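This report concerns only the one structure given below.
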Amino acid sequence: MPYVNIRITREGATAEQKAELIGGVTELLRRVLGKNPATTVVTIDEVETANWGLGGLPVLDYRAAQAAKETQR
Amino acid sequence: MPYVNIRITREGATAEQKAELIGGVTELLRRVLGKNPATTVVTIDEVETANWGLGGLPVLDYRAAQAAKETQR
Amino acid sequence: MPYVNIRITREGATAEQKAELIGGVTELLRRVLGKNPATTVVTIDEVETANWGLGGLPVLDYRAAQAAKETQR
Amino acid sequence: MPYVNIRITREGATAEQKAELIGGVTELLRRVLGKNPATTVVTIDEVETANWGLGGLPVLDYRAAQAAKETQR
Amino acid sequence: MPYVNIRITREGATAEQKAELIGGVTELLRRVLGKNPATTVVTIDEVETANWGLGGLPVLDYRAAQAAKETQR
Amino acid sequence: MPYVNIRITREGATAEQKAELIGGVTELLRRVLGKNPATTVVTIDEVETANWGLGGLPVLDYRAAQAAKETQR
C-alpha cells in the first residue's frame, strides 16, 4: 500500500523509461518489505529545469558552473 | 489552516468538478475537525497517465490488464 | 486511483475523526469524478504546531496575534 | 541536504524570480541551520489557478469574492 | 538530482531495510535515466496506520475487511 | 497563497530557528513575487536520519564516507 513520488527534471524521459521506474520501485518495495504490488502507487513528477534548484542555482546554471570548474582544473 | 493535496490522473476533470472537490474537502475539514475554511488550502495535481503507476504498471497498461482478466472469467 | 494527502496541525484528532476524513474524501472523489474507492489512498500528516507557519509566524504565535487584534476592536 | 518545495499559482513568475527564490531559500537554510548549499534541493511547482483552492473556492473566485466584500464596505 | 519520497505505514521497517530502499531507488534512477547518485535524495515517511486510508477505511480496518471476505469464500 | 514545505533531517532545530525559517520564507515570497503573507503557509518536516538518503546511503553513512574521503586526501 505504499505511495512513491519520484521527482526528476523534465528532460525527455520516455514512456518506456517511466514504465521501468514504476516497475522497478514497485518490485523493490515487494522484495525489501513484502509490500503488495497491487496497491503500490507510483507517481513521477517532471519538473521544468527553471523550477529545479541545486547549490542555490537553477539546475542549468548549476551544471554550467560545475562544468566551468572542471575545465579550470 | 489545513493543506490538502489531491493527486489524480489527467483525464479531463472540468473546472466545475475541481471546484466541487475544493469546496467538498474544505467543508469536510470544517465539519469533522472544526477547521476554518478561510485558511484551508487545497491543491489538485493532474498527473499524466504515463507518469502514474499501479500494480507495477503505468495506469493505462494496468487497466488493460484488469480488463483482460475480467474477460477471461 | 487518486492519492490524497491531508496535512493538519497535531492537536488531538481522534482515530474516529481520521476515519471520517478518510471515508469522506474517498466518497467525494467517487461522487465527483467516479474514482474507484478500492484504489483511493488517503494519508493524514499531523504536523507539530512549532513546524506550521501562517502569516510568517508559527501557528500558535499567529493565533495569539489574531486574538490580540480581536480584543483591540 | 534539505529539500524545499515551493508551490505557487501559475501566474507568470519569470526565470529571474524563480532563480531568486531558489537562491534565497538556499541561503536562508545556510544562515539559520548551517545547511550545506551544495546539497540543498529546491523545486517550484506552478499550479493552475483552477487547481488551487482557498476558503472553499477556486482561487480566482476567492479573489473576486474578497474584492466584492471590499467594495461593499 | 532526483528527489524520491517513499511513504509506507509505520510497521517496523528496520534501518537495514530502509538503507536497502535508499540504495535500490538510487541505483534504479542511475540505471534507467543515468541520474547521478551523488545528488539523488531519498526520504522515507513512515505513517501511522490510523493515518493511512485505503478503500475508504483506515488501513487496519481495510485489512480486516479483506480478510473477512477471504474467509467467506 | 503559496504553500512551502521544508524538509530537513531531525537534528535538533530549535523553535526559534523554525520560526526564523517560517518568517524568512514568507518574507522572501512577499519580496520576490508580492505574495500575501497572510495566506502563505509553511510546514517543516523533520525526517529521522535513518529515513534520509543521499548518494545511495542513509545520511549518517554518507557523512562518514565523505569524512573518510577527506581524511585520505
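The chains carry the letters A, B, C, D, E and F, assigned in the order they are written, with residues numbered from 1 in each.
Note that a contact is a pair of C-beta atoms (placed from the backbone, for glycine too) under 8 Å apart; a residue touches a chain by one contact, two chains touch by 3 or more.
Quick caveat, the model's predicted, so the values are computed rather than measured.
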In this assembly, which chains make contact with chain B and also with chain D? A, F
When each of B-D, A-D or A-C is compared with B-F, the one sharing over half of the residue-numbered contact pairs turns out to be A-C
Note the rotational component of the Cα superposition from chain E to chain F, reported as an angle of 0 to 180 degrees in steps of 5. 120
Averaged-CA centre spacing for the pair chain F and chain A, given as whole angstrom: 19
From the mean C-alpha coordinate of chain D to that of chain E, what's the distance rounded to whole Å? 28
Separation of the C-alpha centres, chain D versus chain F, in whole Å, is 16
Multi-chain contacts only, two chains or more: what residues does chain D have there? 1, 3, 7, 21, 25, 39, 41, 43, 45, 52, 54
Every touching pair of chains is listed here as A-B, A-C, A-D, A-E, B-C, B-D, B-F, C-E, C-F, D-E, D-F, E-F
Which chain B residues qualify as touching chain C in the complex? 1-9, 13, 17, 20-21, 24-25, 28-29, 32-33, 35, 39, 52, 54, 59
Seen from chain C, its contact residues with chain E in the complex are 15, 18-19, 21-23, 25-27, 37-38, 40-46
Which of the residues in chain F come into contact with chain B in the complex? 1, 3, 39, 41, 43
Quick one: in the complex, what on chain F touches chain E? 7, 45, 47, 50-58, 61
